[in-house]
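Chain naming follows the written order as A, B and C, and within any one chain the residues start at number 1.
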Amino acid sequence: MQKENKVVLNVENIHKSYGKEKILKGVSFTIKKGETKVIIGPSGSGKSTLLRCINQLTIPDQGKIFLENDEVTHHKKEINRFRQKMGMVFQDFNLFDHLTALRNVEIGLIKVRKMDKLTAKKKAMEELKQVGLKKQADLFPAQLSGGQKQRVSIARALAMDPKVMLFDEPTSALDPELIGEVLEVIKKLALAGMTMVVVTHEMGFARSIANEIIFMEDGLIKDQGTPYKIFNNPKHERTRKFLNKITELYGRS
Amino acid sequence: MNENLAVIYQSFPFLINGVMITLGLVIGALGLGFVMGIPMAVGQVYGNRYTFGIISFYVWFFRGLPVLVLLFLFYFGLFSLLGFNLSAFAAAILVLGLRSAAYQSQIFRGSIQSLNEGQMLAARSIGMTKIEAIWHIILPQALRLSIPGWSNEYAILLKDSAVTYAIGVMEVLTRANFIATRTYRPMPIFLTCAVIFIVLTYGGVKLLDLLENKVKIPGYGEER
Amino acid sequence: MDTIAFIREILLIPLLEGTIVTVKLIIFSIPLGFLLGILIAVGRVYGKKIISTFCAIYTLFFRGSPLLVQLFILYYGLPSIGIYFSPFVAAVLGFILCSGAYHSEYIRGAIQSIKMGQMMAAEALGMSKFQAIASIILPQALRRAIPGCSNEVIYLIKYSSLAFIVTCVELTGAGKIIASRYFEYTLVFLVVGAIYLFIVSVVTKILSMLEKRLEIPGMG
């Protein structure tokens, strides 16, 4: 796969505290077009907060974010423009409960990208088809399984044609037998060349799609490298300990 | 501005006496509503079809008619018809009380029905009669649960007491109007009147909140 | 004169005229009061400090004081500073302002019960706060607020009788006038009461049909 050298996302020295507690203590990384970076680490290490700082759902105390060399952090008023170019998938799906699956995917196109209804509907149906949910288009979230809900939420994010996709523990809230269908979709996306940052506990999955794995603990990046390097030859003892624990829990896959 | 403040200052004692009347109305009506509401609630939950029907009709009637209509109907109409010679104040307490009973009965009924079925079963199984079970087991719990709804009823009654102006009760609003028409300064007087009600409303609700924390049963000393 | 004749010849027309005024009063006040409630609730939850505080004080005043006092201020008080309203307008204004405060509390509670994730997802798509509130939050919150707001609508229908006290002759007022002229309080007010009960049942039916129409599987 031809990888261009263009940097898509630049995360520089992000600090964030909630009251007295410092969650992020200076996190930086970059990601190039087509790359998939997977962030792993114990709970409380700041992974989700970091993701939300990237699209400014959480405003960092310090640090900068650049999307294709455009500074995101400085533009409070134009943040919506940037958010359109970043797709986010949440652990709790956060589908709009009062809208059908189709409407959930459409609404961003109509309200934010100002598409006309016909074009929006066509595109939305196409996205739903891509995640395998064409038949469920007119169902409401309450009528869908967890895995289906998450796939709709992926379709909703993809419909906006983002430059980068941010996945915040996309399978953590799913029953085990539903995890596979969602991982399938994400894997397909990675292979198609989407630039992605994925926070996950699914180690086997991480190994198979990541160009680079980032290990976070206590608000800092403690280790990063290719999956091979991290899993077989981690730099830090802590990384090794964590991986062992996870492998114990989830098994090697 | 100074004249406005002076008017408020001078009329204050007169208005405060009105507060006594207002509180008398509210406490009287709450009490009457409480004393009637509990048996009504019990009757609806544990009684037979007929009790349920009659009480439901009462509730429907007293909740469905506007307060003003009830006051006119009873004070000018029914009381005269039945030969009762009540003062406006007494009539107001009676009417507001009968109406409050309708609302309170539904609050208590909701609380009773929210209790676990097992409570009654357990009470019966240790040999209590239905009445004993209701008195010793169901009501102590249901009443505590009812405090928030009851607090709401207090707030509503307090505000409805102003409507008794229409039958001439000398409560706060009536007095405020009396002063306003004589001093030609309606704004400061009516605003003061509003503030008095606001203080009474939120003050009372706060007190009831405290009561809820102490888990006391409100209205117990209110026998009339 | 016997009861039926009395009702037919003397009571009916004035009461009907009064009922029309009552209907006019509520036709304006109910939707506008509800809309005001939405504005106040949104201002209270999402507005900046100044707006939020204003909405809180507004609600405190209009829910803490009696509707009748508010009507007095509007109709008898304002003229002293040069603002004159007709009885009908004063009444409608009072009803809107008062009922708006009550609606806003129900709607505010509903808004606050919507999961934070809904707002986050909307913003993540690039929606502005306004779009998110209008397309995502309110459609859900308003559905949840229906029971409370329906309750308030019924209350307003009954409290519309207070318009009479500021000299707007609606149903209750029409009744009082006839009753005091012919000294037939009991009969007249039983009929007046029956008409209110009828209006309330019709509106309750309409509201319940509305609630059914707006139902969404899995919500509320």
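Basically, contacts are C-beta pairs under 8 Å (C-beta built on N, C-alpha and C of every residue); 3 or more make two chains touch, one makes a residue touch a chain.
Note that the structure is predicted; figures quoted are calculated from it, not measured.
Chemist: If I average the Cα coordinates per chain and compare with the overall Cα mean, which chain comes out closest?
Modeler: Chain C is the most central one.
Chemist: Tell me the chain pair with the top count of C-beta pairs in contact.
Modeler: Among the chain pairs, B-C has the highest number of C-beta contacts.
Chemist: Please report how many Å separate the Cα centroid of chain A from that of chain B, as a whole number.
Modeler: For chain A versus chain B, the centre distance works out to 57 Å.
Chemist: Taking each chain's centre as the mean position of its Cα atoms, how many Å separate chain A from chain C?
Modeler: Spacing between the chain centres: roughly 47 Å.
Chemist: How far is the middle of chain B from the middle of chain C, if each middle is the mean of its Cα atoms, in Å?
Modeler: Centres of chain B and chain C (C-alpha means) sit 22 Å apart.
Chemist: Which part of chain B faces chain C closely enough to touch in the complex?
Modeler: Touch residues, chain B against chain C: 60-61, 64-70, 72-73, 76-78, 80-81, 158-163, 165-166, 173, 176-177, 180, 184-187, 190-191, 193-195, 197-198, 201-202.
Chemist: Mind pulling up the chain C residues that touch chain B in the complex?
Modeler: Per the touch definition, chain C meets chain B at residues 60-61, 64-70, 72-73, 76-81, 158-162, 164-165, 172, 175-176, 179-180, 185-190, 192-193, 196-197, 200.
Chemist: Write out the stretch or stretches of chain C touching chain A in their complex.
Modeler: Touch list, chain C to chain A: 115, 117-118, 120-128, 131, 135-136, 139-140, 143, 216-219.
Chemist: What residues of chain A sit close enough to touch chain C in their complex?
Modeler: For this pair, the touching residues of chain A are 55, 57, 80-84, 86-88, 90, 92-98, 107-108, 111-112, 140-143, 153, 156-157, 160.
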